[in-house]
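Dumping the structure here so I can ask a few things about it.
Labels A, B and C are assigned to the chains in the order they are written; within every chain, residues are numbered from 1.
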Amino acid sequence: MQFAAVDGTYLIRIEAGERVNETLTAFCRTHDIKNGYFTGIGAVDELTCGYYELTEKKYYFTDYTDMVEVVSLTGNVMQKDGEPFMHMHGVFTDTKNQAFGGHIVEMRVGVTLEVVLTPLPSAFARVPDDCVGLSLIDLSAPGHR
Amino acid sequence: MQFAAVDGTYLIRIEAGERVNETLTAFCRTHDIKNGYFTGIGAVDELTCGYYELTEKKYYFTDYTDMVEVVSLTGNVMQKDGEPFMHMHGVFTDTKNQAFGGHIVEMRVGVTLEVVLTPLPSAFARVPDDCVGLSLIDLSAPGHR
Amino acid sequence: MQFAAVDGTYLIRIEAGERVNETLTAFCRTHDIKNGYFTGIGAVDELTCGYYELTEKKYYFTDYTDMVEVVSLTGNVMQKDGEPFMHMHGVFTDTKNQAFGGHIVEMRVGVTLEVVLTPLPSAFARVPDDCVGLSLIDLSAPGHR
């Protein structure tokens, strides 16, 4: 990966073969980014994404191993158990230009992935929510660093 | 809903059961946000979205009542008739990870919706455009607050 | 097209009949924007988009001539051969609200396109990468203006 800090924003280029969640998590840990948000475009050749089934409080994921365009990557970074945690949703298109996607577990870059990450000077965290069975961002806490 | 203002940006968590357009409009009114832009990810369980048929100058909307992932929410806030008005487009994925979407009228949060809203210190407004039959952003006016 | 500069961000309204890549490239040239990123929503009535076939180092594009909603436009501006170059990925929906998309070559606005462009004070450039057969953003160079 390559990156540059420009005026408080990070431009990040993730290379073919690198895993996106792993790379962004390590990046945030290294640069002490506790909160932030990002978008990205590129192409990936391995992808696990899916949806949350609220009635079962369970995620259903599908693995994809074809090269697909990342037409929209939208995500945020919050603290979870004291570590930066990525929440990423993505839209992908195949060789018929058809779109699919969902909540992203992990994906491996196939060509390049160009990410713009805006860090925020706060430290909000995800905390377990029993009603939905997931960790939701707790914005009611102070959130100071 | 919960929110936090961080360095001029609003992090907003919209709760299960809350309507997104209604919640964001009320938020902007309360916080005197006349212009801005936002992105979001999450899941909704009621949704009305569709497309504009220019030849008829008419929107065609479809109602969806299944839980779907919000894989991309992109929108802006402009003034319309003296009030903050949300223009939102979204991409959603179903339990087959297939993507659909369009211009969003309203949607109800199913699990959570995490929005990042950047306010702008201007007051541009939408004004009716007879050619297209819609209210378009008028950036030719001064736009000062 | 119309535009306004608000607090370092550009709001851009591209008009029906205008080409998006051409318009944004000319805008960046005129305003000396060498790097930046943008999102957009609207509707287009001509579109060429597709995917990159890495094994052949070749793009495959499809032309669309129906009006479609632009539900997500995500892009960045980098220098290429001394000129601003747009890299744009998009998601579009048809009259069945079905989503498709890919890497965008060009598209013509059908109703309106509302773009938020954030310029960055750097001058990173794309340079040819023989491995992937494309010009990738070189963030290893200084990138000063």
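We adopt the following convention: contacts are C-beta pairs under 8 Å (C-beta built on N, C-alpha and C of every residue); 3 or more make two chains touch, one makes a residue touch a chain.
Computed from a predicted model, the values in this text were never measured in an experiment.
K.L.:
Going by the contact rule set out at the top, which chains touch both chain A and chain B?
P.N.:
Both-contact set = C.
K.L.:
Given that chain A and chain C are copies and touch, would you call their interface same or different according to whether over half of its residue numbers are shared?
P.N.:
different
K.L.:
Measuring centre to centre with CA averages, how many angstrom lie between chain A and chain C?
P.N.:
22
K.L.:
Which residues belonging to chain B are in contact with no fewer than two other chains?
P.N.:
Only 39, 72, 91, 99 qualify.
K.L.:
Would you mind writing out the residues of chain C in touch with chain B in their complex?
P.N.:
Residue list for chain C touching chain B: 2-4, 6-7, 9, 11-13, 16, 39-41, 43, 45, 67-73, 91, 93-99, 110-112, 114, 116.
K.L.:
Per the contact definition, I'd like the list of chain A residues that touch chain B in the complex.
P.N.:
Against chain B, the touching part of chain A is residues 35, 37, 39, 49-54, 60, 62, 72, 74-76, 87-91, 99-103, 118, 120-122, 124, 131-132, 134, 136-140, 143.
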